[in-house]
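By letter and in written order, the chains are A, B, C and D; residue numbering begins at 1 in each of them.
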Amino acid sequence: MSSTATIKELMAVVLSRELEDGDHLQVGVALPVPEVAVRLAHIMHGPNMQLIFLGARMNVHHLESIPLPAFGWDSRSVRWAESYSDRGHRFDHVKAWHKRVFFVGGLQVDKFGNINLIGIGSDSKKLKFRGPASVGTPTLTTHVGRYYIVLNNHSSRVLVPKCDYVSAVGWHEGGADARKKLGIPGGGPKLCVTPLCVMDFTEVEKRMRLVSLHPGVTLDEVKANTGFELEIPDIIPITVVPTEDELTILRSRVDLNGLLRFG
Amino acid sequence: MSSTATIKELMAVVLSRELEDGDHLQVGVALPVPEVAVRLAHIMHGPNMQLIFLGARMNVHHLESIPLPAFGWDSRSVRWAESYSDRGHRFDHVKAWHKRVFFVGGLQVDKFGNINLIGIGSDSKKLKFRGPASVGTPTLTTHVGRYYIVLNNHSSRVLVPKCDYVSAVGWHEGGADARKKLGIPGGGPKLCVTPLCVMDFTEVEKRMRLVSLHPGVTLDEVKANTGFELEIPDIIPITVVPTEDELTILRSRVDLNGLLRFG
Amino acid sequence: MLNQVRRSAVLPEEKAGQWVKSGMTIAIGEPAPMGLLRWIIRNKITDLTVIGSGLALDYLIAGGCVRKVITYYAGSPDIAVMPAFRSEAENGTLEVWECEEGILTSGLEAAGKGLPFMPWRGGVGTSLPDINADLKVIRDPIGGEVLIAVPAINIDITLLHASISDSYGNVQHCRGTGWLDMFLYRAADRVIVQVEKIVSNEEIRSKPWETTISNADATVLMPYGAHPFYSRGYYIQDQGHIHDYLEAITTAYSDGNIDKKDDYLEKHCNQFQSHAEYLDAIGTGHLISLSEY
Amino acid sequence: MLNQVRRSAVLPEEKAGQWVKSGMTIAIGEPAPMGLLRWIIRNKITDLTVIGSGLALDYLIAGGCVRKVITYYAGSPDIAVMPAFRSEAENGTLEVWECEEGILTSGLEAAGKGLPFMPWRGGVGTSLPDINADLKVIRDPIGGEVLIAVPAINIDITLLHASISDSYGNVQHCRGTGWLDMFLYRAADRVIVQVEKIVSNEEIRSKPWETTISNADATVLMPYGAHPFYSRGYYIQDQGHIHDYLEAITTAYSDGNIDKKDDYLEKHCNQFQSHAEYLDAIGTGHLISLSEY
């Protein structure tokens, strides 16, 4: 069990440390890293967290393990939730979303944290690559207290200067008042976590900035794989690796089948 | 049981004959005549009617009797309904309200069937008589397939040339296109039933018109107690009194305590 | 692994009651949360803006707590217009935000959805936009239809009565909520729910589809807390008690002998230190006689 | 006392299926009403506008039934983008009304509420109003905030899958509805619900708080009707079947060998005369193995 964490496990642990007790954590399907992260945080330090999956609200802190579901649409995984009230009224209680934390991926992400799930190509009626569409990301990222961008690939095809289309507004065209000017109340994207590094957004310009490099990753590698000029701080720490405790709990009480270890 | 019907029983029977199988019949509290009418119609000829009370939908045609509740807010009366879905979503399915029939009273009713539940007096901030407020009548009368105005008193204080305030629009300032011009889709008021007579609305002007006089009531009596000029047809029939069957069923299977008989 | 205990949302009535401050906007659900309302009257909270209807609203007005009401109905099957509401509105001492059910739910939905307004058709052509300056007649931006723009109605605290909750603010209503409860909950910054019974978390999780509110800020254990009103699945209305109220308050206001109102309030509310004392005065036998069956 | 019989809403699949005509706007709930969708494919209904998501939507596209989709998500946990959707959208043979969850529910709510539009904030600042000309950026008439006016999305027929109904169109979902089902129901002129089981009216009335739809225009008895998807409380997804679909359809489109698609459809849908024949081909043993527990 004392082996090194995989990159995905590292990413999950980075996210789990970001989550605060009392957060309402909504994770969509097909995002295994956040799925693990919220469960790990719930066990580690979140007895008052609420996990929101498939329109169900759960607090399962009393359980010894909180395994991932067998597959994405596993209806059994939320049988013993505390409430299904998010379903028929998913957008009727936006007022309480300041407590909510969300996670998004993207076909493209630009330097201000805008993301694109619509597609690639200049003609929106005939896209070169048709994406899966925006799901609920426009509304969720508009209102939640904060959200995290989580990418499976760190490449200049994904991290682009400008998205072909914007599904969810991050910091728009930049500036700490960018969201306010648009009339978008939520707290915006906080971090962007990739297989190479952790990034956040500068205070004034809200441009993406390197926070830490994952072990073994060089600055040049990040620069070469980022399609825009990343803000680079003077001192660049290495991402703090999972503790023995974190990794043990992650593997033995959450990711029982090693989705992040072998997947 | 072969005694004569009381005026309220007569009114209830008149209304019950108006109701068609398949109608969705919504009756608010404090309207005993329609409460009896919808139950009677349900038994007599309405196996596919839906009764909507207290936000519950019921079809109780299979029951031998459909008694009135013991009192207005009797929570037991809808225990065995088929659905409570009208409660948290009372106005989310207006699309289906063309099937719905509603009943309203009023502090004032004018010659175009506009009604007032707000109050009497020129200063809306300090009314001479403060009414109970409009309940759901503005929205319901806007959308339902048709509705009936039911009055406990036929007097010139109630049937006025012009309401001090309008809670629910009937035919506004008159004309068959009055509702259309306002953009109000529902079918509007069909009849006004009072202790003296039955009235409807003329085809072109949509002014209130006498349909029939209740037994023993004279035309002069109606005119003297109506605050506006009523349209009078050439031939004025007497309101058809309840049949033996209707009255027996009303008394023995609906109004078991004689609310309309002795009340 | 610090802070490993899940917080309880259960509060004693005085702790929860103290959240309600004079001048706030509060809302009352159905069945009426009478235990909490009696706390508010007894503790002389004043100048409230109250979203409510019927007799529970009238009780708060009679209790001297209300400056403004947002209501669609101040009558009941027992009386055409509630006595304290009627008298104070006619005197001009009570402000009325005139509305109706669909307009009210639209404003509450706007608040819950984080929107500044919602459009609504019911009320077009009526006097409501004339009387209530906050209701704005608009043309819809797509087809030009005439509608009413209802501003968001935001609430500081919503007070509800429900059947059960667990320790963590998961609330379930027996046989569904009152028709407006969920709108009031979603439009409010905080919600306090008084419940007949507090149950285990396992009982809630055995039927999560019945959970109506999953994050009540506080729940207060108040068996028979809706008395003199009903509580679905528990007890029916106490018609005698309600008629006594209507008679006392009607008389007080119409006689101009407003002391009679204070006598009524003293006897039925103010003299008690707690909900339990109130129930003692009603008497166990009488409470049992109200059982719903 | 004429006409004393209450009408049944239960229809055989071919009767209910015939309501769906080429060119209509239909909607698909969750769990997916696959029995009805297979009927539509088998009967070569075309040019549909479909409100749906994920694999059930893709199945209809692959089946050649769809001209236009209104969707917020055409992916799944198993594949980033659905193969038929992706290919036909990229070819320009499929029109996409680009939206997202909150915009979709707003348009559906407008339809249900009889309104021409609803305002929504989610989507402000995004490309959605640029791509979708029906979404109009407006200023709210009260405070001047920038919002999106979403036009009413009206549906001809909504198709749902649920657990039980009685003979009269009273439907109850085990453990609640899919998140969008009720929006789709309320926005539609008619709703057809396929159910696992038809129960007595008394069973429905024993728990009216669980009734989700009280006036289904038709219910169709289709046990295992959501296969290869789940039905809450009955069976889980058939992952093998779903992977077969994804592989076959992905291959068909990427090879440019579109016959492979027809082979798949023939084998899994078109060769059957009825839902029962389909179930026979799946086999009882396999169906039992999918039981949810």
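Note that in this section contacts are C-beta pairs under 8 Å (C-beta built on N, C-alpha and C of every residue); 3 or more make two chains touch, one makes a residue touch a chain.
Quantities reported herein were computed from a predicted structural model and do not represent experimental measurements.
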Which chains does subunit A share as contact partners with subunit C? D
Distance between chain centroids, defined by C-alpha means - subunit B, subunit C (Å): 29
For subunit A paired with subunit B, centre-to-centre distance based on mean C-alpha positions, whole Å: 57
Could you put a whole-Å number on the gap between the CA centroids of subunit C and subunit D? 39
Where in subunit D do residues touch at least two different other chains? 113-114, 120-121, 145, 147, 175-176, 182, 208-209
Residues touching two or more other chains, restricted to subunit B: which are they? 84, 91, 143
Write out all the pairs of touching chains, ordered by chain label. A-C, A-D, B-C, B-D, C-D
Which stretch or stretches of subunit D touch subunit B in the complex? 1-7, 109, 111-114, 168, 170, 182, 186-189, 201, 204-206, 208-209, 211-215
Interface with subunit C, subunit D side, in the complex: residues 113-121, 136, 138, 140-143, 145, 147, 149, 151, 175-176, 208-210
For subunit D, which residues count as touching subunit A in their complex? 71-78, 80-82, 85-86, 89-92, 95-96, 98-103, 105-106, 120-128, 130-131, 145-147, 175-179, 181-183, 229-232, 236-237, 239, 292-293
Residues of subunit B touching subunit C in their complex? 29-30, 55, 71-76, 79, 84, 86-88, 90-91, 118-119, 124-140, 142-143, 165-169, 172, 182-184
Tell me, which parts of subunit B touch subunit D in their complex? 21, 44-45, 47-48, 50, 56-57, 59, 61-62, 78, 80-85, 89, 91-97, 143, 185, 245
